[in-house]
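Presented sequentially are two complexes of chain A, the first with chain B as partner and the second with chain C.
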Partner chain A sequence: MRLSRTTRIALGVVTALVLVVVYLPLAVVLVNSFSTSTALAWPPPGFTLEWWGRAFQSEGALDAVLTSVLVAIVSTAIALVLGTLVSFALQRFAFFGRDAISLLFILPIALPGIVTGIALNNFFRTIMGVPLSIWTVVIAHATFCIVTVFNNVIARLRRQGTSLEEASADLGAGVWTTFRLVTFPQLRGALLAGALLAFALSFDEIIVTTFTAGSGVTTLPIYILNNMFRPNQAPVVSVIAVVLVLVSIIPIAIAQKLGGDTKPGR
Partner chain B sequence: MSDAVPAIRLRGLTKDFGSVTAVDHVDLEIAAGEFFSMLGPSGSGKTTVLRLIAGFEQPTEGVVELFGRDVSGKAPFDRDVNTVFQDYALFPHLSVLDNVGYGLRVRGVRKRERDERARAALASVRLDGLADRKPAQLSGGQRQRVALARATVVQPKALLLDEPLGALDLKLREQMQVELKQIQRDLGITFIFVTHDQEEALTLSDRVAVFHDGRIEQLGTPQELYEQPATKFVADFVGTSNLFDAERSSALLGRTGVHSIRPEKLVVAPADATAPTGDGERTAAGTVVETIYLGTGNRVVVDLDGGARVSVLEQNDRHRTFVDRRGERVLVVWHDADVVPLSSPLIE
Partner chain C sequence: MTIAAPRPTLARRLSSTLSTHPRVRLALLITAPVAWMAIVYIVALVLLLVTAFWSVDSFTGQITTEFTWDNIVEVVTGALYQTVTLRTVGVALLVTIVDVVIAVPVAFFMAKVASARWERILIVLVLLPLWASYLVKAYAWRSVLSQEGILQWLLTPFGLETPGYGLTAVVITLAYLWLPYVILPIHAGFSRVPDSMLEASGDLGAKSWATLRLVVLPLVWPSIIAGTIFSFSLSLGDYITVNIVGGANQMLGNLVYTNVGAANNLPLASAIALIPIVIIFGYLALVRRTGALNNL
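Let's turn to the complex of A and B:
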């Protein structure tokens, strides 16, 4: 498409503005993590590496990172298994209510986190009588992590059809052998993309986490929120925020790269 | 057919998809070692019959027997038949060698023997040099041959081919037809070949079943199908035919019922030619409306005075070359023996 010079300049300016609005605050956080001011004063009065050093020695912060990683890994693992099974059930079999069930599985990602949070909190404590713990967080996260796996896998299954599996069965392979040698290798890209997105979603989730975490369970986002307004902690929080951004970018970037044939989607 | 157990026997085979009956009470026996084609337009049920034999579909009714054994309820991996798929269905993540060796791998054949046999199978389809490639790096014709090697390396008792040449261009298709025939002779196993290309079916097969609306319309050798089509559908689908409905048959041919004559059985003679003397020779006067040059011959379209339009195929040989004869008055000559009576739709 050919655009006039004026149009190109106008579009360029708008694009630049949007990017600035999105990324400038992130840049400010990055700069603040090296600032000598403890109150996030602007412009930063001086440069220091003190906060980075302190952040990596802070037991609370490291604990929070470990908790978040654990929650993200376990809920992603649950999502991988359940999301794949659901995708197969909904793609390969026709049954009454299939579309409704499909919608029910995608819904958790669209529902406001606060609703999911309150509902699960109520469900765990009042109905099930289960005390909140790290595992209630894992289960809560798994509900929306399933969606990313489900979306990626079902898109792949739709595109792929069943002829490869028929060929495998035709050549003498049983159901499990076919899954191991043909279906799974075909799904690997979709599973990886779905898992990375699920991990990223879980890692920075805060609302549902707040409602489902037991006392003493502090994920990284909760740690940040708790420390944000404490005197002298703000720069440390900035450091953690920068780390969080980096950790979140990596899986998304990998998922994008894999997106060549498996478009990651939520 | 001999007393030997047929390679494949279908009895009352029926398959419904919802309210649509794709295959309607098909009975069929295919002998061991036969090159058998199932010919028909799309939607005629031929591919569904193939998938029922392979086990990808379960029949609504009826029985599939392989060498006398009822396999109707068995899964594809419990049947001694293999399929060459229309889209080849090669495993994209495996090399050509591993694709061909797949059937051996799932049977627990050790890697060394498996690779050896896969290489031999690849050599038999002249693909020795491409063992390490991925399917995506092959041309259509090469993929086709990998699919063939993959299906035959496990030594099936019958090979099912679902329009295997459909995706190839004309030259390659003709070349693969010859190769298929040779491979079938070398292996000595039953080939069941699904196609909508009547020429392909006639060229390759020992016998052909013509499918129409989920039923076998006619079953016979290529020669029988071509020379004595039983129905209007077969006469029209296999080759081209001049069809005469009941009214025109009685007017032109002096016969009752529906009839057909092949274009090459008709001769165009000058209008002043002497009346035929030979036994059973008949003529009708008409006007040439179109002449088309076909290379080896010419197609002459004549409007007969009786009202029918016929197509005549004449060979270009030493004595004849193409002449545009549009508008010319001619006599169309044929022999009574070449008129084929067709079962009329009312009798069916």
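Let's turn to the complex of A and C:
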């Protein structure tokens, strides 16, 4: 098959156009955060830093950031421990049901968020009789963050093999010493990459969060959702949106540098 | 030279027990994570199914754990649920079609026309927006589509108008959100088609169009279906985008959310949540024979 020059150029133009459409809306949000219009008007009637100042003084927004950071840190910590354990179990051992367990950890991001959300809401409220709080959000987030740690750690374990650990054991090191001095240093990059991705995933999550957050628990995405429809709040929301993108892109960039598996999942 | 045997401390004894008993090691590793997932997730999913057959006492607002078909019957026969289900499936299908129509030429360009260097750059450019928050992207389209927004400004010279907030906006925004998920598997599919096969087809006299239709399409078809699974299932469960750009329209997700929150009827909400689950499994069963599930 020989593609004509015209076809090649046409395909290139289509691709370029699609990429423009992909990035244009994000650029519009960035510009709107500096615009003097409160109604998202285009072209922006003027330039102002008022919204950035207001966003950084807004107590609601700052509280929401702290809540999100707390949720993300605790759920990342849980995900790190559980994800690492399960990666070792699935990579170093062959046993009946291994594939099923691997699927089990991927399920929370494979099913639509609303199914995970209502299942957990129902579980906490109806079955356990636990009122929703910040901790129910943490449990929900940890559940779907495990997979990012799992993906990174298991990929690294597959590459590094077990010969160094065997050598360490032959030289007389115990299980714990081998882990501390041989296995862990090799895993550090994968753990950091997994943790950053888990943090970003939790920091952004909205659907499962709306189903598991108690009243009064406002994460940053919930804050955005609540303020989006208020008149005059639109530019402040744009500022927070820009911050949110930066907060999630920077860890990803670092994770990519570390050579982790950065394929995101929902 | 002799090396003194390590002192038989408790840690040392534990360590040698562990190294000679792999089953114990496995059990220690796997118990906590699997217990977490089984309790928090599997039990929750199963109970979601069970709850759909319970009901809410209209006096006390408490849940009655007696088996009833009422919720299922209401969801299947109620006019509201039928309309909303049709609307949701329609939106999901449209989103999927739009995404495939856009993704196929882009993925083909990336895999077969662009140089290796540009292909890598394009993959990063396609992947990057996935990491921008879902909410931010939906909000971005709210800005773009607003009555005074950039789209209105761009279209006015051509005598056209922004579609504003409504179902069209929902389709545009959802198609935007899921596009990378559709491009990536299709790109992988095109990459697996060897160039030599395209040349052979050309040498045997097939025109470009015939090669695409008879050689490339059958090979890439499973990847295209894999991409549609993402856009279709993610659209079915969505309710935030509809809130943000959909005007007053409701999708299945909204009905679930209202019944969990304001109406406080979890059994009915669970029954409604079963609709997208059944549709997705139906779709998966339908496309299973194409081998698409191995391309996810």
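The rule is simple: the second predicted complex is superposed on the first by the 245 of 266 C-alpha atoms of A that agree within 3 Å, B and C clash if a C-alpha of one lies under 4 Å from a C-alpha of the other, contacts with A are read in each partner's own complex, and residues count from 1 in each chain.
Here is the rule we go by: a residue touches a chain if its C-beta (ideal position, glycine included) is under 8 Å from a C-beta of that chain, and two chains touch if they have at least 3 such contacts.
Predicted, not measured: the structure shown is a model, and the values here were computed from it.
J.: Should A:Gln186 be classified as contacting the first partner (chain B), the second (chain C), both, or neither?
T.: A:Gln186 sits against chain B, while chain C stays out of touch.
J.: Contacts for A:Glu166 in the overlay, against chain B (first) and chain C (second): which applies, first, second, both or neither?
T.: In the superposition, A:Glu166 touches chain B alone.
J.: Spot which of chain B and chain C makes contact with more residues of chain A, would you?
T.: Looking at chain B versus chain C, the one contacting more residues of chain A is C.
J.: Applying the document's definition of touch, where does A:Gly174 land relative to chain B and chain C: first, second, both, or neither?
T.: both
J.: Kindly classify A:Ile207 by the partners it touches after superposition: chain B alone (first), chain C alone (second), both, or neither?
T.: The second partner, chain C, only.
J.: Do chain B and chain C touch any of the same residues on chain A, and if so, which?
T.: Touching chain B in the first complex and chain C in the second, residues 169, 172, 174 of chain A appear in both lists.
J.: Flag every residue of chain A that touches chain C in the complex, lowest number first.
T.: Against chain C, chain A makes touches at 1-4, 7-8, 11-12, 14-15, 18-19, 21-26, 28-29, 32, 37, 39-43, 81-83, 85-86, 88-89, 93, 95, 101, 104-105, 107-108, 111-116, 118-123, 125-127, 139, 142-143, 146, 169, 172, 174-176, 200, 204, 206-207, 210-211, 221, 224-225, 228, 234, 237-238, 241, 244-245, 248-249, 252, 262, 264, 266.
J.: Quick check: in the complex, which residue numbers of chain B touch chain A?
T.: 54-56, 75-77, 82-83, 85, 87, 89-93, 102-103, 105-107, 150-151, 154
J.: Over in the complex, which chain C residues touch chain A? Could you list them?
T.: 3, 6, 11-12, 14-16, 18-19, 22, 25-26, 29-30, 32-34, 36-38, 40-45, 47-48, 51, 63, 102, 105-106, 108-110, 113-114, 122, 125-137, 139-144, 146, 148-150, 152-153, 176, 179, 181, 198-199, 201-202, 206, 208, 211-212, 215, 233-234, 236-240, 243-244, 253, 256-257, 260, 266, 269-270, 273, 276-277, 280
J.: With touch defined as at the start, can you tell me which chain A residues reach chain B in the complex?
T.: Against chain B, the touching part of chain A is residues 163-164, 166-174, 177, 181-182, 185-186.
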